[in-house]
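Take a look at the structure below.
Letters A, B, C, D, E and F mark the chains as written, and numbering starts fresh at 1 in each.
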Amino acid sequence: MTLAWIALLPFLGALAPALTIRLGRNACALATGLVTATALVLLLSLAPQVMAGEVVTTRIAWFPTLGLNLNFFLDALGLMFAGMILGIGLLVIIYARFYLNKTDPMGRFFAFLLLFQGAMVGIVLSDNILLLLIFWELTSLSSFLLIGYWRHLPEGRQGARMALTITGMGGLSLIGGLLILGQIAGSYDLSVILQSGEAIQASPLYLPALLLILGGCFTKSAQFPFHFWLPHAMAAPTPVSAYLHSATMVKAGVFLLARLWPALSGTEAWFYLVGGVGLFTMVFAAVVALFKDDLKGLLAYSTISHLGMLTFLFGLGTPAAAVAGVFHIINHATFKAALFMNAGIVDHEAGTRDLRKLGGLYTLMPIAATLAVLAGAAMAGIPPLNGFISKEMMLEEAVQASAFGLPWLIPVMVMVGILFSAAYAFRYVVGVYFGPKRESYPSKPHDAPFGMWAPSALLVILAVAIGLAPALVAGPLVNAVAAAVTGGAAGEKHLALWHGFNLPLAMSLGAVIGGAILLSLHRPAARIWTALGLPDAKTLFDRTVAAGAGAARKTTELVHNGSLQRYLAMILGAAILAAAGGFLSAPHVEGLRPTLAAPGAAIVAWLLLMGGTAAVVLGHRQRYLALIFISVIGLVVSLGFVYLSAPDLALTQISVEVVTILLLLLALNLMPKTSPVESSRARRTRDGVLASLGGLGMAGATWALLRRDGPPSISEFHWANSYSGGGGTNVVNVILVDFRGFDTFGEIIVLGIAALTIFALLETADRGASGQRLANWMPDQRRSPERHPMMLVVATRLLLPLASVVGLYIFLRGHNEPGGGFIAGLVVSIALLMQYMASGYAWSNRRLPTDHHALIGFGVTVAALTGVVAMMLGAPFLKSAYEYVSIPLIGDVGLSSALAFDIGVAFTVVGAVMLALHHLSGVAGRAEKLPPSDLPMDVDPSRAPAVGPTPPAGGAGA
Amino acid sequence: MNPWLVAPILIPALLAPLMLLFLRHRLVISRTLSVGACLAMLAVGCGLMAQAASGQIDVYAMGDWMAPFGIVLVLDRLSALMLVTTAVLALPVMAYAIASGLDRKGWHFHPLFQFQLLGLNGAFLTGDLFNLFVFFEVLLIASYGLMLHGGGAARLKAGVQYVVVNLVGSTLFLVAVGLLYGATGTLNMAHMGERVAQAPAGDHALILAGGLLMVAVFGLKAALVPLHFWLPRTYASTSAPTAALFAIMTKVGAYCILRFTTTVFGEGAGELAWAPGPWLLPAALATLLLGFIGVLGARRLRKMAAYAVVGSMGTLLCALAMFTPESTAAALYYLPHSTLSAAALFLLADMIAARRGDYGDTLAPSPPFAQAGVLSGLFFLTAIAVVGLPPLSGFPGKLLILDAVRGTTGGWWVWGFILGTTVISLLAFARAGSAIFWKSVVTEGEVKASAPVAPQASAAIVAALLAALAALTIAGGPVTGYLNATAAQIYDVQAYPDAVLDESRAAR
Amino acid sequence: MIKKLLPHPALTVTLILVWMLLANRLTVGGLVLGVVIGVVVPILTSPFWPDRPKVRFGPATWGYLGLVLWDIVTASFQIAMIVLFKKSEDLRSAWLVVPLDLRSPEAITMLAGTISMTPGTVSCDVSSCGRALLVHALDTPDPGAEVARIKRRYEARLKRIFA
Amino acid sequence: MMDVGPFEILISALLVIGGVFALVGSWGLARMPSLMTRLHGPTKVTTLGVGSLLVASMIFFPAIQGTYSAHELLITLFLFLTAPISANMIAKAHLHRQGRHIDPNPMDDIAEGLPDTGLGTGWATFQGLDTDQLNIPR
Amino acid sequence: MSIEFLVASAVGVLSAAGIYLVLRARTFPVVLGLAFMSYAINVFLFSSGRLVVNEPPIYGQDVAAYSDPLPQALVLTAIVIAFGMTALVVVLALRTFLEAGTDQVDGLGETPAELETLAETSASEAQVRSDVEARP
Amino acid sequence: MIGIAVLFAISCVGLAMTMNLWRLARGPTTADRILALDTLTINAIALIVLMQIQQGSAVYFEAALLLAMVGFVGTVAYCKFLLRGDIVE
């Protein structure tokens, strides 16, 4: 459990600075420090066990089926890293307390820092590689926040984004690699994976896994060619650079190499990939570092170079090299963090980090200078400092290594690397502190406050101590870690400052001397370097990203060009493809169902249909004419339903048809009456082809269905139970209101919502652009002055009651004969519509002031309540009941609960239709400049002659 | 029969007309009722889930007509999951709509919202293919209303496209139903599965044509490329709460693909078993890619969110297309995650737009604006969720999918696409966030925006959604446990048909 | 009171009849329902028919109906002959203006309808004062006589019915 | 052809007449030279043809099928009620579109426009009421 | 010539017309196209119950043959739904035309940036809001 | 005998309908087309009636009845559109 707490403590603790910042900066820093210290103490409490060779584990199930669990383990490697993270973290917190300005939001800084710390600790303590992945990505995210901490700096933003992108990308690569690794090993637990080295290396998936994992490691550890984000990340506040970009985060990649060393190393691929990239990075970055004028830039490339060296060491694949690597991790952390803090002090005091503006600070900042000399010497690998020892160990391994059959290749490259390392280390120390004093520094430098230099001093002391007594100070730890990394293969290694005169010593000596010479030649060398004009990786990256985003935008906008027609063509095409693909990929046998001979009238109807369709398609630009033609199709379809034994369908089709036409006419009134020719011949051809394919498909499907009998339908049950169970003989209606009443329930809801939406759409039509357009609307056709023709009005007065009776009749008989609530509702609606058409909206509506909303609401509620009542009686929703009731004089009447349901349907229909009509004519009325007519008919000879205007509100009452 | 099965449908079905009848002008009461209904649905959903967790499949026969002759509602673990996801989404979205005053910006917001939930719940519960069509229509037409709510030329233009595309989709749905009914003589999905299994080989072409067309129709709802075209503009043009609610609409498509394929073209279907899978995968991959390319290419945050929905559907469908219990369980974990995270992003985009005045949600720097600190934090977390980074549920979601598709045909493609698109989206969100929040620190001037409505409440709602994602992550064990059981239940050839058809079998 | 209950008695009768026709069965129950409908529906729809044209139901009415029916049949034969055998160029079509003595819209409509259904004429329009009908005659040698025939044969009878 | 009763003959005759009338009405529609002349065929002849068929049906069901159906009467009622109104509306629409110069028969070489009402007012299709008359309550 | 052939070819032609029309660039023909699709699908769905003549699904003890009532019920539901949808889309087309001044739906004349413009929305929203507030 | 008469009548009505179609397509005025459609509807009623006699079933009468009603409404609406643009005002 302790391990989980160590990992989680910084996360939970991230709240502490956020909460304590109100109490002041000291309190905030103290709280943060306490969190880290507590974690460190917890960690150290486990150290004895670990140093004794024990592996401490904590296992908490999280996603057990995935194999992602909160499994932590602590071995020496973890202990070393965790100690480093927490220890240096503590120092960085102290340092940051003094480094941060008063205006910098400290609470946020420390909160982010703790998040990062937690993520790092999590990485090194994870026993589960998926868990490790989580922490891995969290380091990317938290470092993003830290790098971008100073939001006003564009470099900070860009640096943060670049770091996130590159390391994030690496993280995703790592996900792939680790998942494969887990697959090969059969577990995501490191403890298992580390035991499965042989199986892993024998697997055909080894190479892809390795490549993907290295993608993660190399990006995180800034290996070439992914190194370029690191220098730009240095825009972050110095404590961040010191912590993330030298001591901890960038080492995560190296850590993982070390962690997975037993499982992955030892193969040729590993050697060339890891060793090669590491070595190249080491040399390349060292060269670049020498020519950086910015202190942090120099240190950044130096860090890259050292990370390259570490990678190279683990890449060599020998236990001894691994030991050297482990040892150098510690060493590098000490001197590099110290140097970063030092650079921060210089920046803080002198106001610049530019080497060209610095120099001669030795007298002004003696403490800083001393620390810099020592740390710089350690970096240059000068005895008796720790950097020297690990470098010697590295050289020892390097001279034995051979690549591509060339035994000199590696040593020579290494030699170049350490030579440049020495040179830039010298340049840092000499360039800042020695040489001539400048006339004016941007600000007046003097030694920093204690709190600011003390942390680096502590690190330098450590560097010296390790250098002087490596076996004592670092020996047990290094050996333990090496054992953990190599799985015991490294054996006990005695760390010593002095190894006697040997080739590595000579190389070291040569490098130091050569470095000094190189520094003296810096000016001409820098000129050559500038002249080389190596491409700037950041520019390349920015361009790539911008080009990517641009291409993405272009692609997106090219594909989604706003054309409904393209969208529909794609959708229809896809549907045709799916159906045709399905049809063609399975066997089909033509059915044997006999066909019905078509009588002449059927052929005539078919001709009508074809003619009507052709007329609409060819003449669709004349919108009004198209509406006339489309009626023909509705008529033929209705006739077809009549002929093919579907009376209910015919009735419904007939009545729906006309209401639809009326709505279309109402809308068309305010819309353009013609459609211009807009699509090219090619487009029309495309559409024609698509239409033909779709038509053929539909015809084929229909034909195929009609020619086979198919399995018995469930409707046999409906037929058999319609009367006995549903109380009706019109099986279609019984299905609608009983067997599948739930469908009908949904259907009327659809109708109701449609009306509501129509209402919502039209209610606002008189406002904004639409209102403007309505106000300026001019009829595009000549109009007859007569609004309400007399004969029509008279006829509809007679037709309304007649049609109402018909509607009632159709409603009542629906359960047993063709008819039902929907048709009845439509018939009544049509009768009313006729009235409105003849006598005008204003006049008619005053005579039928219904609340259409209420009609719809009532309809749906009645239908729902029919079902609920059944539930209250203990039966399922919509369970029907019917009873033949004897009413005096009238006789036996079949009363069915489904009738109540049908009433709901009818009301909803009438409400919906009338609501739509009401608002459509409202909109048209707004376009009209005429006052609404209060007269039911324009011409009425029986009317008294005009006696002068009266207000319209005075209205004609009945 | 458990009467509670109808509750998720009945609650909105009774409430919405009630609001229509009596409460059209009573905003406060409507709001109270609406929130109450959402809470009730959440409670009922949880109750049903608890019940379904036992593994029992509950069947409710509408009108007491047993399947396959009548329409049945079926509650299994999967439908319970969908109900709860819907309810969890609906509550904060409704709260946000109220907090931002959206429900005052037009008519009938609350009834439409309730009808929308009715349609969703119905679609998740029904066991009948045609009834599914009806509920599709209910949820679609309610969505039209919600989508257009508030009006404006841009919204209306987008609305025309949305409506027309879906009308075409409904037509295709009926074609598929017609083919399947004609070839199998039934509408109940479980029964259809049995009929498909028994169908003579000569009928297979028709059945498969119908089946694939059906899947294409569901794919249209699920924004499967190239059927996705309706989505970006619709989601980007409508009001934020509507877009947030719509996050579940695409999941209806995914749910239906899963339900339909497993019941009708499941293991028992012999030669036709899992036939839609191979068609689905390439489309899902294209969806994934095109979606996240859109995320990177967007000019506005809402467009970005809309494309993120497409992309996340690609992710989800990649997993679904494999049709293995593992991949399905993974997809089902990713489903609520992507729903809630997309909702959070839409709401957040709205908050940002509201505070930036004329700058709106464009991905360009503006002068500093109100609540930038809080919003940037929320944005960071939301982006993490949408991209699929730890610590939120997107990460385990993607891990689950990657883990599950390993070894299947096309698994490597899925890996490559998911990992690659994650990079793209990471880049996109980093750019977007930096443009909106970081660059605004240095941009001169000030934004002209009216004071945000209920700023704390809105932020709290987004935070609540993120908290739900956190909960999904923390409770990963129990959740995946439930989902594994869900997948097992779905892939159990007998469980679903037995539960649905037992009564009629006994009668026969 | 009666007026409120039976706004259009003729309509009530018609509706009862219509209901019986629809119901297709002569039962007491059906009749009762028919009466209920015949009473209720006119009341419900009466707002849309505010005027109460006075119609005398008597032999004149039935005679008129019979006459019209006869004329329709003969008219149809006449038109059929014209359609089948007369050349278009030989058609002596004309516009007729029928000055009206009738004043009630119902009566004028009735007349116009009659004109349209009977030989060779279709009513096309009324004057905006409502006192003249515009009629198209398909083939008439003497338009004036045709107008006189209309007024004599139909309008005069209608004047008696719509008193 | 055995057992041909009077009903059969009557029904058959009505059917034949109805069919012929329907055909002739439509033939008139097809062949007449202008809308005004075409209007006569469908309005009268077709309507009567359908009426004849309806009568045939009205006799057929009780006489031959033994079932009783009176819906035909209702349909006839509807048709006779609506046919003149339809014709009137179509004519009005046509007048409106063609204007006052519309000729009763464009084929007969006699140019003839619309006559005046003879009452000082125009035809309703062309001349409306004064606008201030519109709001007069009755 | 069989009825089946006539029906199948009719379904095909109606579908083709529907597809062609919905691919036109203006809302009105698109609506017509939807209507055609609706006709086609109604007939198709109806056909899934096979075709019979003079056997309406009216139950009677002595009725042996009947047309399949289930597809008829389905088509009825489909017709009603399509009716509601058509009404909505018609009104929507009108409303959009009034608001935008065009019934173009082919994305012509709309730049990608315009496609994303929402400025109009906020103005109109504000108006609606004040109006709703004005109501009790 | 009735059978033959019905067949004859059906043929007549069918022929009539093709003529209506011709007029519908031909025009030339819009009013012609409306008239043709109106006639087509009436002929459709005739067809339904004949179909019933042929099949000896009276189930479809409501269809004819409705067609009569609806055909009228349609015609009026089309005409009103030509006359006024707004069919309900």
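Methods note: contacts are C-beta pairs under 8 Å (C-beta built on N, C-alpha and C of every residue); 3 or more make two chains touch, one makes a residue touch a chain.
Everything numeric here is computed off the predicted structure, so don't read it as measured data.
Steps from chain A to chain F, minimised over paths through touching chains, total 1. The chain pair B-E and the chain pair A-D differ in C-beta contact count, and the higher one is B-E. With centres defined by CA atoms alone, the chain at the far end from chain C is A. Averaging Cα coordinates per chain places chain D and chain E 34 Å apart. Each chain gets a centre from the mean of its Cα atoms; for chain B and chain D, those two points are 58 Å apart. Here the CA centre of chain A is 15 Å from the CA centre of chain B. Centres computed as Cα averages put chain D at a distance of 12 Å from chain F. Counting partners per residue, chain A has 553, 557, 562, 564, 566, 568, 572, 603, 643, 647, 668, 698, 701, 705, 710, 713-714, 718, 739-740, 743, 747, 750, 753-754, 757, 761, 764, 768-769, 784, 786-787, 790-792, 795, 798-799, 802, 806, 817-818, 920, 933, 938-939, 956 as the residues that reach two or more other chains. The set of chain F residues touching two or more other chains comprises 10-11, 13, 15, 17, 30, 34, 59, 62, 65, 69, 72, 76, 78, 80, 82-83. Among all residues of chain C, those that touch two or more other chains are 18, 22, 112-113, 123, 126-129, 131.
Pairs of chains meeting the touch criterion are A-B, A-C, A-D, A-E, A-F, B-E, C-D, D-F, E-F. Interface of chain D with chain C (complex): residues 20-21, 24-25, 27-28, 31-33, 36-37, 39-41, 43-45, 47-49, 68-71, 73-74, 77, 80-81, 83-85, 87-88, 91-92, 95, 104-105, 107-109, 112, 114-125, 127-129. By the touch criterion stated above, chain A contacts chain F in their complex at residues 599-601, 603-605, 607-608, 611-612, 615, 624-625, 627-629, 631-632, 635, 638-639, 642-643, 647, 650-651, 654-655, 657-658, 661-662, 665-666, 668-669, 779, 781, 783-784, 786-787, 792, 799, 803, 806, 810, 817-819, 823, 827, 830-831, 833-834, 836-838, 840-841, 917, 920-921, 924-925, 928, 932-933.
For chain A in complex with chain C, the residues that touch the partner chain are 786, 790-791, 793-798, 800-802, 804-806, 808-809, 835, 839, 844, 847-848, 887, 889-891, 893, 936-942, 956, 958. In the complex of the two chains, the chain A residues touching chain E come out as 553, 557, 561-566, 568-569, 572, 593, 595-598, 602-603, 606, 609-610, 613, 616-617, 620-621, 623, 626, 630, 633-634, 637, 640-641, 643-649, 652-653, 656, 659-660, 663-664, 667-668, 670-672, 675, 678-679, 687-688, 690-692, 694-703, 705-707, 709-710, 713-715, 718-719, 722-723, 728-732, 735-736, 739-740, 743-744, 747-748, 750-751, 753-755, 757-758, 761-762, 764-765, 767-770, 773-774, 816-818, 822, 912, 916, 919-920, 923. Listing the residues of chain F that touch chain D in their complex gives 1-2, 4-6, 8-13, 15-17, 19-20, 22-23, 29-32, 34-36, 38-39, 42-43, 45-46, 49-50, 52-53, 56, 58, 61-62, 64-65, 68-69, 71-72, 75-76, 78-80, 82-83.
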